[in-house]
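Everything below concerns the one structure shown next.
By letter and in written order, the chains are A, B, C, D and E; residue numbering begins at 1 in each of them.
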Amino acid sequence: MTEIGLNHILFVSIALFFIGVYGFLTRRNMIMMLMSIELILNSVNLNFIAFNKYLWANKMDGLFFTIFIIAIAAAEAAVAIAIIINLYRSHRSIDVEDASDLKF
Amino acid sequence: MTAQDIIFYLLAAFTLVTGFLAVTTTRIFRSAIFLLFSLIGIAGIYFWLEYEFIAAVQIVVYVGGIVVLIIFSIFLTQEAGANLPDTTITKKITGGIAAACGFGFTLLQVLQHNFTGTTEPGIEPSVANIGNRMLGVNEFGYSLPFEVVSILLLAAMVGCIVIALKTPVQK
Amino acid sequence: MFDKLTLSLIPLLPLLSFLMLGLFGRKVFKNFSGIIGTGALLVSAGLSLSTAYNYFFVSGKVDGVYQKITALKISWLEFSPGVSIDIGILLDPISVMMLVVVTFVSLMVHIYSLGYMKGEERFSTYYAFLGLFTFSMLGLVMSSNIFQIYIFWELVGVSSFLLIGYYFDKPSAVAAAKKAFIVTRFADLGFLIGILVLSFNAHTLDFETLIQRLTDPNSEYMRSAIAPAFLGFSSLTWGLMLVFIGGAGKSAMFPLHIWLPDAMEGPTPVSALIHAATMVVAGVFLVGRLFPVFAISCPGALELVAYTGALSALFAAIIACTQTDIKRVLAYSTMSQIGYMMFALGVSGYGNEDGLGYMASMFHLFTHAMFKALLFLGAGAVIHFVHSNEMNDMGGLRKHMPITHITFLIACLAIAGVPPLAGFFSKEEILLAAFHHNKLIYGIALITSGITAFYMFRLYFNIFWSKEFHSHGEHHGEGGIVMMLPLILLSLGAAFAGFIPFSQLVTSDGKPFETVLHLSFSVAPVLLGLAGIFIALRLYKTQNDIANKISSSLSGFYSSAYHKFYIDEVYLFITHKVIFNLLGKPAAWFDKTIVDGFINRLGSSSEKISEETKTLQSGQVQQYAAYFLAGAIGLGIIFIYVLTLK
Amino acid sequence: MNLSLLILIPLVAAIIVLLSRNAQQVKWISLLASVAQLGLSLFLLSAFMGERANGNVSQMLFEQRYSWFAPLNIEYYIGVDGISISMILLTAFVVLAGVLVSWNVEKMTKEFYFLLLLLSLGAYGFFISLDLFTLFFFLEIAVIPKYLLIGIWGSGNKEYSANKLALMLMGGSALVLVGLFAIYFMSGIHSFDMVKLSQVHIAIEVQKIFFPMLFVGFGVFTAIFPFHTWVPDGHSSAPTAGSMFLAGISMKLGGYGCMRVATYLMPEAAKEYAPIIVILAAIAILYGAFATMMQKDLKYINAYSSVSHCGFVLLGIGMLTKTSIEGAVMQMVSHGLMTALFFAVIGMIYERTHTRKVEELGGLLKIMPFVCSVLFIVGLCSLGLPGFSGFVAEMTVFMGSWQNPEMFYRVATIAACMSIVVTAVYILRAVGKTAMGPITNQHFLELKDAAWNERLAAIILVLGIVAIGIAPFWLSDLVSPGAELIMSRIPTVIIN
Amino acid sequence: MNELLLMKSELVVTAIIFILLFIKINDITSNETVLKIINALLVLNVGAGFCCMDVTGELFSGMFKTNVLIAFEKNMLNIGTLLISLLSYEWLKNHRHLPEFFVLLLSSLLGMFFMISSGNFLIFYLGLELSTIPIAALCNFDLEKKQSSEAAMKMIMSSAFSSGILLFGISMMYGTTGTLSFAELPQYLDGSPLQVFSFILLFTGFAFKLSVVPFHLWTADVYEGSPVAVTSFLSVISKGSIIFIFLTTLYNAFAPMAEVWYNLIFLLSVLTMVIGNLFALRQQNMKRFLAFSSIAQVGFILIGISGGGQNGISSSVYFVLIYIFSNLGAFGAVQLISSFSGKETIDSYKGLYQTNPLLSWVLTISLFSLAGIPPTAGFFGKFFLLSSGAEKGNYILITIAALNMIVSLYYYLRVVRAIFMDKNEQPIASIKGSIYEKAGLLICVIGIIAVGLYSHFYEYIYSLSIF
């Protein structure tokens, strides 16, 4: 078809994955951490789609997996945001570093 | 290099750059917008890959749902979130190194791997095919996961309601 | 022939008396305790005498040789086939003789104590202990098995401990008791290892078999035993030397004698019984028991016996001259006399006339028991009278205690070797044996005999003559019939025991032989003895300061002799400084700091690590994620690049 | 003869004790149970001797066997031989005495007796087990009650001691556990059945690795150097009955295990490691003795002397002759009785004078003649006086050790023998200072002599000691076939 | 009909969820009545679980499968859930969102059921999320407590991150093998580096839920902050379910990679035991303490898993059964004390025996069981775990484990010591629990004693453990 092969897309997804990881590890705002998670999940989705397209087009496993991941990501995000808002109510902060009463 | 290639590269670059900006800008609202762009970029790649249904879902759920939810929550928590102190430099460096190492290592593994796909003819990812399978109970049917996800969503909703709804303080 | 029951009763009666008095004495018997103990011993002594008669004159001699008769043998504890501790009764001349000596002296002491210990709070306990001691001593002399002898050896030791420590609220008595026990225990260690060596070589613990196996030059036991084993000595030599160490400890041979003078802290009758007549000769008895092995297979060890004995005899005699506590003088005298017996064994050969020394040693043992017991009981009477052990508190007692005086004099003459008293005969035989065997030892013996006469009469004159006795307060006379009767009986023994034809009865191989007394040979020792007496007469009969002058002119020697040549101090140094400081304290320290410390450190260090690593759990969820990621990637690297290399 | 009764009686008694609400009732039930146990043990002894006299020569008698965890071939398999019977008797004696001595415990009486019974249950179970799993099970059962006994009813630095004891003993049993697995899997028969295992050969390389584990593991229980440090602390902090059980029974679990499991099942390695065992034992004996000399507290004195005395057990095992192993068993029995009695007496003294410091005591013989007489007896037994069990046991060990003809073992034996002198020193010091001499404290004059329960306890133990001391032959006859069996597996030449 | 029977556990739980929703929506009765109904339903649930256990089969073309062992595992989880409900009575009684609590709890349970029964990565993943997300919400159920929401945040963040990595692993696995089905997977596994890597990423997903070091860091914080009921659910039920699916996937799907996962488990089990024990050493809060101790316990379970074969399965499953009783016994006591007195630190337990002897015994027995002291079942459990490990011949691992048992004993004894030995001026007042709590604790104690001594349990599990 074109020169664009599987590896190109995998490069994009892996890069996106680790961009997400980087964000998750460094951002202090919990909502931004959540956004990073979304990036991670999207990179996985991209993986599944790419594999489905290039390698295993005879079945639609990857595709369906992607759909379910999207659904779950929504649920997860919803619960996470609920928790963050609750936390914000009690801590008056959404800085993740402030939420460290529990330690050692 | 064909036009398709160029489109892919553009899409990829767009996605990655906006993704990167999303996790690095200090302004949280901007960050959300960058995320939005990045997600749209991915949807673009799906289109490019001719998985239109997924692309549509991506836009509907992510762009229409999750990002809106996120922006909504940003508004809710704005007074605290607006002026967060910046991340310490050490944290950035360690995070960067960790991510970079992970990226390098993973990429190395992927590039070294010789992917061998099937030679069987592929299935058109059409809405009809997807729809049939999604609710099918026979082979290649996905009705069980569908049910599971629905319960999951139900549970998530219940959880969200209990947690997030501001309840009157009991006497 | 010999009734097992009768023989068993001899030791068992005292044991019975011990058990009865020990368990119920304080409450049930109280004042009858003495009677019970004495009665039991009276029967026992009677049985011993009849046994002796039976053995020596009726059924002991077969074909002109006194037999070793194993009258009883019960397997008590079997270690391995053939090697077992048997509790048995072995009758041979020396054991029968010892039976008589032990029961007789013990009976005397029992009777004497009725008076001497009257009114003591723990009267019954005292008699119980006496019973225990007599039982153990009898068991010892009758032993048919070397381990049996060790068992009773230890029991004798502990009864000695109990009796020395009888006045347990006196710290010095407690200390003396402990010292006696520990020093003899130390010696017993040698004995024990000796037993192990001998039993391993002979593959038996039974005396008869052991002696037979280790004296037969053709037996394989013998061959392995005399092969050089360790430091150039054969294992047999080692075994015998070690056994002798045990004997030397009990018999207070130099340098293991230090406990004996202190042991005088016990009641005086006890000193008479244990530390003069019976227990302290156990060492001599032990060497005598194993004599064939010593004499036939290992003359080298016998040399050790001879020199140790001679040295102790002289050494003790010199110290005795300087002591002022009358019991201590007697104690050193005992040591000296036992030295006599020891070297007599040492200079002896085996069989017939060669065994003269052996016979003489046993003879001296017998006579010594009589006169030394007498001396102690006499001293007891004196102490009872003046309430002091110190010579300086005494003097001029001959008028106050005539019977004591006479009997004491007899005993002194006997020990000084004045004919025709008992000591003369036995000592002559010893000197004769030494003369034939070793002139050096003969010389030492001769000098010792002179010194003996001197210090005994120094004692005698200091007590009974010297100054006039000034009575302080009330005195209760000589102590009545119960105290005098033993004195009289023993003085008879001291006077006439010399006429017993010992060479007809007790010999190294059981065959009687004739001894000849050369008058010319006797001249020298007798003269020396008389000279000693004379000097003592001059110095001590009346109060004068010649003695002090002499002693001050010999000041260095005198004071070191007075301080028992500082042997005690050496021991004290070794035990307190060396053992406590170099072994005990380091061991305790090591235990506390190193071993225990290590284990505690193990605990505290893991807690410390735990404390150090707590920052891992920082509460920062991003850090957790970083660890998570690092873990995942790290494991990936490990499993892809490290673990697949092999 | 149903051996399971030995476990059932304490179990039932423990449950009743736990359910009852009356302290007096608790005591009597415990007493009843321990008397019953003693009776049962004596009956067992006579039954055993009867069977043997009738010519029953099977290795173990009165066997019982039920499948327990079938997939792993684990069985509840019990049976006895002479060695176990002597241990059972010891346990019965000590338990009875312990129950009597504790009659005055007022703090949490019910729990106290419950734990005592549980502890005895563990010991009985251990001694009759023929299946290694059951054996291990009971071994561990016996640990925790000790911890609680010390920690709750103890004195001094009790928490520390209790912790140390529990952890070190558990450490020992952890090593044992590894060794047991090795035996199970490496023997090739996948069985914990000791009798069966004794008929197979475990590869020498396996033995070399796991014998030390097993031996040290059990050794910790019997205070092998340098894992003895729990002994002084544990003993000194424990309540009287606790110390009695600890020294009298619990330390014997280790010796029995070293003998029965380690040496019996891995004979080649035992031979190989014998010199090391002997060195450790000799160190324990002498070093324990010297350390004892420096102690000032009566309980510490007895505790360190236990280290020294238990060294004889290990020495006996390490010497690997029939007689020495016999001696080791006798020493276990003897030391068990003796040390229990010693602790009982110390307890009596402490209860009255409220001090255990030797310097502060003195002249007690006049005030409490019974207690002090017992103290004398136990002291004399400890220093190996004939007529008491200690002598017999130590002499058997010595005789057995000397049978090992190599110079190295000889030297070790002599070194061990030397301890009899040191023992005499510290025992006489302790006893002399405590019982004899002038009375140091006028308050002592008001003290009372032993009460009936204490007298009874002491008499029972003294009887035991004397019974062995006067007539050792029955014990040696009892133990001898077992020792011979163990020896029969030791190779005469090491196969490398 | 038979197909319905295969899914009966899931159906029953779903039914209960809907009943609860119905109750909630109509807001029918008081909390106490609701609790009665719930407990009755849970008892029914347990009962239903034991009916018709011996059906084996697959549904949805292998996505869902079940057999007797899996049915038994589900029953174990049911029992655990029932126990938690009983033991948390006091806390639940006063909770405003009682029906929601159970909706979420049972959804999570349902997720676990799907997970255990999954024959496919997709169902596995969904089950995992279904079991995790409601728990994250539950962690926040002490609504007034700051710590509770912090715990929930940590839970959801960590689990999201973890599931991201897990998904990445699954996607790579999918890319290299082309299948998501466990049954088909083995034939495509070739042990290439990428596969190994993606297996490790996948493994981290399990490891995260199991709290295997170094993926354990969330555990203690979440345990401490969450309500005790949730903590016990997390530490017992959730872990149990992961162990079950872990066994299935490792032994079946990843059988060709046995060498990799064996070494991985060896390494991580040592790390987990050591770190878990080290951290447990100095904890003061009982929940946190139990969190670290449960991390160490996981190290032991990993040894059992490493054994492989019938022994590996049976010993692990058996241990989970014991662990349910022991840990719930401990948590039950902690819960009771916490809800009556609000005290959760070890120091505040001092002198507990004086006021609450029975409760002290329960807690002590539970802790002894966790420490592996006979005659409690924990002893047998640990013994079999180690024997499973020893079967492989890895004695180094066994020795390390055995030594770790000592360390663990040390800190368990700390609690015992506080209860029995230490003096306290103001010990926790005497606690009068309701009949539910008593029943719960009684069941735990009976379980702790009986499951070990009565060998039938083990033999039964062993007979089921064929794959």
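Assume a residue touches a chain if its C-beta (ideal position, glycine included) is under 8 Å from a C-beta of that chain, and two chains touch if they have at least 3 such contacts.
Since the structure is predicted, the reported quantities are computational estimates derived from the model, not experimental observations.
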Notebook entry, point to check: Counting one step for each move to a touching chain, how far apart are subunit C and subunit D?
Noted result: 1
Check: If you check the contacts of subunit D and subunit E, which chains show up for both?
Finding: C
Checklist line | Winner on C-beta contact pairs when C-E is weighed against A-C | finding: C-E
Notebook entry, point to check: Using the mean of all protein Cα atoms as the middle point, what chain has its own Cα mean nearest that point?
Noted result: D
Next item on the list: Return the distance between the CA-based centres of subunit B and subunit D, expressed in whole Å.
Entry: 70
Checklist line | Intercentroid distance (Cα basis), subunit E paired with subunit B, Å | finding: 31
Notebook entry, point to check: When the centre of a chain is set as the mean of its C-alpha atoms, what distance in Å lies between subunit B and subunit C?
Noted result: 101
Notebook entry, point to check: What whole-Å value do you get for the distance between subunit A and subunit D if each is reduced to the mean of its CA atoms?
Noted result: 65
Note to self: Can you pull out the residues of subunit A that are in contact with at least two other chains?
What the structure shows: 17, 20-21, 24-26, 33-34, 50, 55-56, 59, 64, 68, 72, 75-76, 79, 82-84, 86, 89, 96, 99-103
Notebook entry, point to check: Out of subunit B, which residues touch more than one other chain, so two or more?
Noted result: 91, 94-95, 98, 102, 106, 109-110, 115, 117-118, 140, 142, 145, 149, 152, 156, 159-160, 163
Notebook entry, point to check: So which stretches of subunit C touch two or more other chains?
Noted result: 603, 614, 617, 619, 621-622, 625-626, 629-630, 636, 640
Margin query: On the basis of the stated criterion, which chains touch which? Give every pair.
Written below: A-B, A-C, A-E, B-C, B-E, C-D, C-E, D-E
Checklist line | Residues of subunit D touching subunit E in the complex | finding: 67-72, 74, 133, 136-138, 140-141, 143-144, 147-148, 151-152, 158-159, 162-163, 166-167, 170-171, 174-175, 177-178, 181-182, 184-185, 209-210, 213
Notebook entry, point to check: In their complex, what parts of subunit E are in touch with subunit A?
Noted result: 121-122, 125-126, 129, 133, 136-137, 140, 143, 146-147, 149-154, 156-157, 160-161, 163-164, 167-168, 170-172, 174-175, 178-180, 220-222, 224-225
Checklist line | Contacting residues of subunit B [partner subunit A, same complex] | finding: 1-2, 4-5, 8, 12, 15-16, 19-20, 22-24, 28, 31-32, 35, 38-39, 42, 45-46, 49-51, 54, 57-58, 61-62, 65-66, 69-70, 73-74, 76-77, 80-81, 84-85, 87, 91-92, 94-96, 98-100, 102-103, 106-107, 110-111, 115-118, 120-123, 125, 129-130, 133-134, 140, 142, 145, 149, 152-153, 156-157, 159-160, 163-164, 166
Check: Inside the complex, what are the residues of subunit B that reach subunit C?
Finding: 91, 94-95, 98, 101-102, 105, 109
Margin query: So in the complex, the part of subunit B that touches subunit E is made up of which residues?
Written below: 106, 109-110, 112-113, 115, 117-118, 137-145, 148-149, 151-152, 154-156, 158-163, 167, 170
